């Protein structure tokens, strides 16, 4: 006997979502408490994203708050979720460090009346109301593969430099990228390694160094994480491999400006994190006001970004990522 | 009264010094003069305040009232460095070495000879250490670390350190307690030559023969109070004892004759490479067997192995016919063996723990009910033994550190006697203990033997060995060199065996 | 003056009644114990004060719901802190606890994926934790390596093994009856049942430490393990068992953690060891061993938890939380020692050494406290 | 020729017992050996202590180079040296603290704070000359060291607790100051960022700095009274007071030195990595302690050398760099690092025991 995996005692704890009908014309009340809980405070990426959120909340006349742990782990995030729920936040906007670990706390918060919106890194769909995706995972995967293929001339060995081995979004992208690479047009490209920099600058730096020395024939590296890309670029820029090995991935223009200008990196991509936060705030407020209920196909207006439509599983996609290169990088400051 | 009235002020004197620790008045209005060219003995029972006085001179303790005068000038000695600057060198009762540093560095720490650029001149330091050891007539490698030195060697390093100061005042707190005859003689020679060069020496010892042999004057203290100062030549041992203790001491070796019973301890072929070999002997109930020998003969090693705190490689130990598993002191305890170790600070006591906890450490299980130990029971058990051994202590809940050396030794004894052993092993049971208590301990040992307990006693004091033992086992270089029954045991016969019959006189 | 210096007043009656001042067991505590008491008392006092202050000043703090959150927040730390207290009292330390927790969690996830029933997995995991603890113990006692170094090594190794077992996967499909059960409340209250387990374990460990012969030997080992060995106590076995206990409880905490968060991952409880050590030290346990008490440690755990919880509710940012945590630790050791020294100095001031007023004296450095063996 | 370096390992137990172990004696004549023999034994032992680590290092490099010859390329060696620089500097400072029987867990936070301070200074005062900023970075570390030192030495409280506290405090201050900001390479002058690329005799400049730090500290600890007194204080504080050593000052000084070195490490970090936020150096403290311990510095004070600590740091960094080259899967790497730490300290202990046995001419005692 015993409780085994096949028992089908579902792992979810039941949804706390609202059953009410959507009322597209409902007023968004003044003074909504909208709280942002990033993966980690002091992460520049989230600082920018949350600033977008703040902009939106101010437009809506709500109360903005940003809280978060100083280390990116799920358990302290749970404490913060509990605290926010205890404080009676109307909307909790969060990026999950662990899609499952925060689930229980998020559901409790929802039962206590909060709307839960995830952004950047999703929690399990059954424990949040909406997920604001920075770009569709497919879109992110495709664009990175396209960039590297172009930079290495369509064939050669490539490797991935990822964040932590557990990061949900990273892993999803890695998988999609590998699938994308199976396509015929990329048959000359071979993935030889995946290493993890743990979103730690020095570790990423060392891993990049290790990659280049282990694989003398390496033609390119994709680092779908801002920390990793910057560290990798720094190593590359100061090493003999500069110009020989292509590097691309996801990064912020401010971090990468120097390396784009000095030719270490040709192109890289990213969405605008501040828009992500902005959209999340609008989505949360709309849900809280009852304009939407999270059903597929509903639409709402998100301030300066315009109309958005809810996709399957309550997912809202921000839009295609922006590609940054020598020509346009100076137009961005984040 | 004084035969040599001093022409100059004394090198160092204490004037009306008092010092209390909480409720304990360790010194009360004590005055003392140390004059150039004299060796001054300080006598008193355990806890009389001798070491406290030494530490006051050394600048470790600051007197509550009274003051110290150097060459007649009142001087505040607020730190050991002040005392050193005033020309005082101290050998403390307990060795204070740096185990990780070399012997030479231990001697010269903070005063290492310097070469150009204020660098330490290691060669000069080593040579100076060698010279000091040559003066003391010992062979110690200045480059070896102090860790692992025997107590005697540690004491010798301390002595060398004190000598290296070229001090005007040399204070020695029981320097001979751990030494054997040869080294004591050397030490005395050194002390005399210092005296002849115009230094003052303060000498503390519980061995009266040493006091009478070496010293010019003797000051007696009792219960923290100054009692008297006399020229040694005008005293007898009995006078001295009387003024120390304030009464007559009954016989020092109250040996009762007991008919020996069954064999309790049987040791066969015990050996450990490089330490001892082929050690075999037995102890019967009611018997006191002494294990004699020179320092370093391996006696302590043997008894530690018997008790199971050290391992041995060959041989067997049987207690009441049952074999003890090697290396398990708990099994030895269960079989009724007790060991009073030689180094009370490191092996005998948990210094930071209270007196009562120390005293009951060996009886934790016996005192507990259903596995629960109640403080009340512990306190009662400890108080009982404190009284039986006349422990001089403030409160039993105080840390053992606050006790005088001799009283610490009593706590160790209490701790083991309380286990009501069948076999009691005592290693230097009276080291650092005053006459009164010594007699007490001897009486106790003999009483225990009278009650049918087997006693194995390691002792470096020949009178004690001869006075107390039914049989004397003499060890030499890790082997039992001779077994001498009480009737034949004399100073000569024991020493003869102890020196490996080569006549290395003690 | 002859040898007959004896003055009648000071002479004592002979032999048995010789005037050893009767050792007393007065109510006045020893310096050591009173220090210990203040240390304990100050943590408990600080806890009471902060709970009261938070209740009045922080909205939403004094609710049953929040208390439940608080308990769940500190549950793992509280559990691990119990055996850690004992370990630290013997003068050792176990820094591998958080990694043990992580490795247990990873193994638990892997076994679940392999299809074993949870009823089997849980005991297996706890047993596995005991083994991990035993490895620490063997390295410390048999090989004689310093535990700080050993457990820094096993900390890296166990965490690494956790990644080796589970890699980048997270196992999160544990049945809700178990995950929900882990955080479920006692009927009719907001208090999670784990609080009861913690209290029971705390009582057990407290009894062991403070009222049994074994507890006594732990303090003795922490103060002087050689003398303890000479007292017929097996220092090695005792320490070995403590490390086993530490590993076992850490593994238990790992099982709980996995169910609490419904997620078995290799990086669970990363960095928790410092929180545990901080709580234990805050609770008044001496890092050098030989001193400390369990109630203090529990108070320390709760104090840290309360302050963090209250400040979070008061919207104080996590930077300030870190600063407050650090300050608390520093103050908790600096304050009692400073107070004790001030107190110790006072009698000296009442009776200044007579000579000190003389002008001709060399300038003296401030008086030193009686030297202690340990820094 | 003497000193702590050739003595046995720390007391087996964790408690800071300073007693001589009770046993392992030989007959008297062996204890009091001939001088010549003793000197030679001593020298041999001391060399053996550091030789063990060196051997492990050489072995690791050899194996890695055999598997992957690229490991010995100029670029790779330069990277290796650069990578070891920070850890080495930190380990040297930490050893000084450990030798006096304290520990400084706040180094990671101090390094982070100083690195961030350097970045902020470049951002806020763009005109400031680079050397001034670098000096200021070191000064930040020094101030942190003074805080630690005052608390530990003046208040006489256990260093582990205090520095665990300041670990949180300094990090909190760093977070609070940074408040999510990141400083990028573009904010700092090229001259500063290029320091790592400058080579001296084929060695990168930071590595030369680290080497100089190691040699200076080693020379000082070995040849100066105050240096030796650090060992004395760590070996037996009570005895140190009795011989008149200013114990508090000797405890204080290493904290300041360690703070300065952590500050220096922060400056070098800023120069090398160019991207600075408040998380720089998180979790570094245990690695630093591990490096020192692997290098033979006793956690309970009184013995060890900074040379050993530096070798320990080099060994750990080499392990980090070598594992990817040895194709050890990334998931296994940390486990292997842990294992190697255990093996190193075990090996060190073994050597120490052998040495002790030789010195005493007898068997050894069980722990």
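Should a chain be cited, it is by its letter among A, B, C and D, assigned in written order, with residues numbered from 1 in that chain.
Going forward, contacts are C-beta pairs under 8 Å (C-beta built on N, C-alpha and C of every residue); 3 or more make two chains touch, one makes a residue touch a chain.
The chain list, named the UniProt way, goes like this: B = Sugar ABC transporter ATP-binding protein; C = Autoinducer 2 import system permease protein LsrD; D = Autoinducer 2 import system permease protein LsrC.
None of the values given here were measured: they were computed from a predicted structure.
Common neighbours of subunit B and subunit C (chains touching each): D.
Where touching is counted per the definition, the chains common to subunit C and subunit D are A, B. The interface holding more C-beta pairs in contact, when A-C is weighed against B-D, is B-D. As a whole-number value, the distance joining the C-alpha centres of subunit A and subunit D reads 38 Å.
As a whole-number value, the distance joining the C-alpha centres of subunit A and subunit B reads 74 Å.
Residue positions of subunit D touching 2 or more other chains: 17-19, 21-22, 171-172, 175, 179, 236, 238, 241-242, 298, 301, 331, 366. Across the assembly, subunit B contributes 60, 79, 309, 346-347 as residues in contact with two or more other chains.
Within subunit A, contacts with two or more other chains are made by residues 41-42, 70-71, 165, 196.
Every pair of chains meeting the touch criterion is listed here: A-C, A-D, B-C, B-D, C-D.
On subunit B, the positions that touch subunit D within their shared complex are 58, 60, 79-81, 84, 90, 92, 96-102, 104-105, 109-110, 112, 114, 118-120, 122, 126, 130, 138-150, 153-154, 272-275, 294-298, 301, 304, 309-311, 313, 327, 343, 345-347, 477-478. Subunit C makes touch with subunit D in their complex at residues 90-93, 95, 139-150, 152-161, 163-164, 167-168, 221-226, 235-236, 239, 271, 274, 277-278, 281, 286-290, 317-330, 332-334, 337-338, 341, 368-369, 371-375.
Across the interface of their complex, subunit C is touched by residues 1-7, 9-13, 41-42, 65, 67-71, 73-75, 78-80, 82-83, 86-88, 98-104, 124, 164-166, 171, 196 of subunit A. Subunit D makes touch with subunit C in their complex at residues 9-10, 12-19, 21-22, 100-102, 151-152, 155-162, 164-173, 175-176, 179, 233, 236-238, 241-242, 251, 283, 286, 289-290, 293-294, 298-301, 329, 331-339, 341-342, 345-346, 349, 366-367.
Those residues of subunit B lying in contact with subunit C across their complex are 1, 22, 60, 62-68, 73-76, 78-79, 82, 85, 220, 222-223, 225, 227-228, 230, 234-236, 239-240, 242-243, 245-248, 250, 309, 328-330, 332-333, 339, 341, 346-355, 357, 360-362, 364-365, 367-368, 371-374, 379, 383, 386-387, 390-399, 415, 436.
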